[in-house]
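Heads up: the structure comes next, in structure tokens.
So that you can tell them apart, the chains are marked A, B, C and D in the order they are listed, and the count of residues begins at 1 in each.
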Amino acid sequence: MAALLRGSRLLLLKWDKHVDLVHVSTRSMASKTPVGFIGLGNMGSPMAKNLLRNGYPVIATDVFPESCKGLLDLGAQVVDSPAEVAEKADRIITMLPSSPNVIDVYTGPNGILKKVKKGTLLIDSSTIDPSVSKEMAVAAEKMGAVFMDAPVSGGVGAASMAKLTFMVGGVEEEYNAAQELLTCMGANVVYCGQVGSGQAAKICNNMLLAIGMIGTAETMNLGIRLGLDPKLLAKILNMSSGRCWSSDTYNPVPGVMEGVPSANNYQGGFGATLMAKDLGLAQNTATNTKTPIPLGSLAHQIYRVMCSRGYANKDFSSVFQFLREEE
Amino acid sequence: MAALLRGSRLLLLKWDKHVDLVHVSTRSMASKTPVGFIGLGNMGSPMAKNLLRNGYPVIATDVFPESCKGLLDLGAQVVDSPAEVAEKADRIITMLPSSPNVIDVYTGPNGILKKVKKGTLLIDSSTIDPSVSKEMAVAAEKMGAVFMDAPVSGGVGAASMAKLTFMVGGVEEEYNAAQELLTCMGANVVYCGQVGSGQAAKICNNMLLAIGMIGTAETMNLGIRLGLDPKLLAKILNMSSGRCWSSDTYNPVPGVMEGVPSANNYQGGFGATLMAKDLGLAQNTATNTKTPIPLGSLAHQIYRVMCSRGYANKDFSSVFQFLREEE
Amino acid sequence: MAALLRGSRLLLLKWDKHVDLVHVSTRSMASKTPVGFIGLGNMGSPMAKNLLRNGYPVIATDVFPESCKGLLDLGAQVVDSPAEVAEKADRIITMLPSSPNVIDVYTGPNGILKKVKKGTLLIDSSTIDPSVSKEMAVAAEKMGAVFMDAPVSGGVGAASMAKLTFMVGGVEEEYNAAQELLTCMGANVVYCGQVGSGQAAKICNNMLLAIGMIGTAETMNLGIRLGLDPKLLAKILNMSSGRCWSSDTYNPVPGVMEGVPSANNYQGGFGATLMAKDLGLAQNTATNTKTPIPLGSLAHQIYRVMCSRGYANKDFSSVFQFLREEE
Amino acid sequence: MAALLRGSRLLLLKWDKHVDLVHVSTRSMASKTPVGFIGLGNMGSPMAKNLLRNGYPVIATDVFPESCKGLLDLGAQVVDSPAEVAEKADRIITMLPSSPNVIDVYTGPNGILKKVKKGTLLIDSSTIDPSVSKEMAVAAEKMGAVFMDAPVSGGVGAASMAKLTFMVGGVEEEYNAAQELLTCMGANVVYCGQVGSGQAAKICNNMLLAIGMIGTAETMNLGIRLGLDPKLLAKILNMSSGRCWSSDTYNPVPGVMEGVPSANNYQGGFGATLMAKDLGLAQNTATNTKTPIPLGSLAHQIYRVMCSRGYANKDFSSVFQFLREEE
């Protein structure tokens, strides 16, 4: 009964597509094999909970054991190391802050690959350098396992409501198996190509997002200085060729839109630090492939300076505030 | 009957709003007072023709008299100077390449203001520095005339099909009078505020457009280098926060979309030179108002370098080609 | 004999402040015709005083009459307007904040050109747009006067010690006459070519200076982050191809050099606001001549943002502090 | 006495090529232990030859055995792999194109560390990421060997004439031993600090060099457009605060200086590709240390675009030509 209720909540959360999820998830509870989950931070925790809610037993671990508490209360099994997860689950999801953590969790002394079973499906949802994803895939293949990269777009809210978008890279034959799990945690799952291409797509999107956001902030600021009303200017841009997601969905100017970080003193949302990190990845991949990205590089530098000047934890749309004349 | 046919064509061209334009235009042919039109280049000519088609007698002039030929054949009266236009019409539209031309046509020795009648409505559709628009408005006011700026977005095709967008700045009481004429030449007419704010809106839009276009070109190029399929990458961006007009409507990568300059070797469209000019205006207004526009400045520089390297007359989306590794 | 004495005095004046200035100036007062001086701000005041010290009677004016007090005490005659200066002197020096002030002082209702005598030598030491210098020269020529631009490099200290560098543009035949006065106020006088070329040289130098300074700040900061000792790094750069004035003469890192603003919390020196102004002039001339200046543009934007973030009045070498991680 | 002679010979060697090199090297051959040299490209070959000329027996290898021919003729012993070099020499110098080559030569299956003797001194003169230098040092230490980084400044000419500058990082106690060899190949040897700091100094210098060069090119181009004579402008900059190595020693404008690549159609010198590589290293270290380098990043992008547009093999001062309007 509790499961039933939980299931129906899920149904609503996902604004679902006419599928009797409640029935499905209750029925399959008994028959599902466990899923490993490593990395229970702000994003990983709600993601793992959504697996539980969909009836998957979860075997979890984190370098900070206290992070696992919430999941333990919901019935997950908590173990001591990635290696131990690998002993007990043949599908494992990792959600970690950066490349070195991923390398350690997979190939470190207590890493997954020390104990991984042949045929295990490894899905890494961290946002990291695509070349590291490729290295992990090679290392996994040597052990007879399959590695896919599946970074997400969407923040903590989307993670809680299972509305993330997953961009997936890896061998196509395993995509369906990955999709089964990812749809429990996200609203969109997109197959992008070979290993690393999920990361590539994520990095590309966020680079263009950063450019569009800074561009929108500059443009709105210039228009305001020239005497235009901000709401009117946003309206004109949005019906013209200047239109972009940052102008029509996430406008950085206080007072133009509601329900966005600019309406809330740039709290919440996607921090400037995180944007700087993703732009650093874009820069690294561009440098390594000798690809010119003049605006992407400058966007990176602007967010890097912002982090030095007290904007690290504000939403990335606060670049509007950063560029404005001080009062 | 000819008028009737012409009218109905117009109706179709404008995908109109349930108005019996045919009837209106035929009936008012006789009773309409003439409209002056100065500057019959690639844009001005089709605009003036649309006034004629809407039943307005047109008094035209251009520094290159041969430019007036097409209009003459359609029944316009061609005169020798802006001053002469001002003697014969109390509504005048100007469409000129740049600020110095506007200054000359209005305040030069044979300029409009030498002969302008009190109460004349002057509408400048050139794209120029907003501060020049303000100067012209002051000069016009001294002569008892009213000056409005009404730059357009949309190219030669939109001008021919009367589908331009006009961004209008000037005293609000005169807006209706301006709108009457502008709707003959455009599909959208937006009131932006005081004199100069039409220019401000235009400049802001094009700056954000340039940033979005270069950003899209960099992003698509990086993604392709990282192994992503260009169409798939465009699709992912367009369903995500990287979405912008340049990615979803005017993609710069050959093969991603049809009917755009990138599908036609970057011919037609909006030339890099024109974009560089508009970015120069954005830069000037930003410098003068002490507004930081880091990405806008860099976009300006990139189009300026492109003009130096053989891209002057290619569509501005050719920045994708400019940034690619040479074969 | 007097000339001989005056010459040797002058020589001393520039390098030695322990000179009987009063005696010199009193004695030669009789034989010299008066020089007009308009604009007695931080720079203009000490410059005009050096004219007095060299025996030139000075006719001065300023929009803020109180600025003239110090000069009045030293024996200058203070009048009410530029026009009045022009009535009384046939050599006039102007030192004003920006282009609009220059336009007003020369061509305004009480401007110099309202009363200028034929043959008058007009020397403008303001830093302004070269195109405005050219306009002023044309306007002066119409009145039979000669206009030269002679902007300075060097700050308030150099102005006080008559150690400024003047970069002079104008007709070559008048250069000697200008040089006679300018050597009283500066250590170097360089003839640059036609009218406006003094401004051009000044703007070019300051643009390269800004680029070198930001570059040095970035480089020193990066080296420090990588574990290098700042003094050692400066030494290495200065013996290598990274060497520039900002690294070897005006190093922006506290502790590397003495006697520079970085050793004094970035007080004194050349304010970020002034650098932003000069870079705005560089940007304007570049935009107008369609010259690409990617690093110059970005340097401009960086100083513009710095002005928005509280660095307006700090020396321009404080860009090092601006780029550093906050404590 | 032999040491005395050797010393005076060395002194001459650096400034005079008319020296009886054969005699010197033959005589001292007996008393010196062999030095390994790995990587005999354009730089490595003349460096190794200078070791031979100074009387050091050389044990050499290269992935392209034909590269060793010249050295073989001069009496060097050529072996098959880095491992074999390590068996035969306890001082080894490496000079390789990039990080992956260094990693392979040290830690690969036939790498130095497979056979290195305890106490061996390993000196890497490649220009690579400082973090790779640190990794190599750790790996070497595990085998009881000592690793130092000693990248050079100066090109093929300086390598031939033993006039390179070496920037050395590593444990201070081993510096003298390194210096003994490096002085045979260079005119300046600078100790920079812990391992990796030689690379750091090199990267920092070249980043500032690139910024200064592009800045000089922009400035000279702008000045020329504004009507200034290029030689006069260079002279003014060089006596003012715009002065830098690129303006006073390596001016990028044809006709301003002799004996530099700009006087020879930008042939020879330091190719744009190599500058782009070094700027990529600067960018990587800056990204990894979260250091903002806005001008450094843009300089990187400009050289990257130049490489895409046909300037890859021209001297890096050809940025002046890249930015000029096409004829």
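Methods note: a contact is a pair of C-beta atoms (placed from the backbone, for glycine too) under 8 Å apart; a residue touches a chain by one contact, two chains touch by 3 or more.
Note that the coordinates shown come from a computational prediction; the quantities given were computed from them, not determined experimentally.
When the interfaces C-D and B-C are ranked by how many C-beta pairs touch across them, C-D comes first.
Interface equivalence for A-B, evaluated over B-D, C-D or A-C, points to C-D, where over half of the contact pairs coincide by residue number.
Distance from the chain B centre to the chain D centre is 54 Å, each centre being the mean of its Cα atoms. We define each chain's centre as the mean of its Cα atoms; on that basis chain B and chain C are separated by 42 Å. Rounded to whole angstrom, the centroid-to-centroid distance between chain C and chain D, based on C-alpha atoms, equals 42 Å.
Multi-chain contact residues of chain B, defined as those touching 2 or more other chains: 290-294, 298, 302, 305, 307-308, 323, 325.
Interface residues of chain B facing chain D in the complex, by the touch rule stated above, are 298, 305, 307-310, 322-326.
Taken in their complex, chain B has these residues touching chain C: 276, 280, 283-284, 287-288, 290-294, 297-298, 300-302, 304-305, 307-308. Chain A meets chain B in the complex at residues 130, 153, 165, 167, 188, 190, 192-194, 196-197, 200-201, 203-209, 211-212, 214-216, 218-223, 225-229, 232-233, 236-237, 239-247, 249-250, 282, 285-286, 289-296, 298-299, 302, 323, 325.
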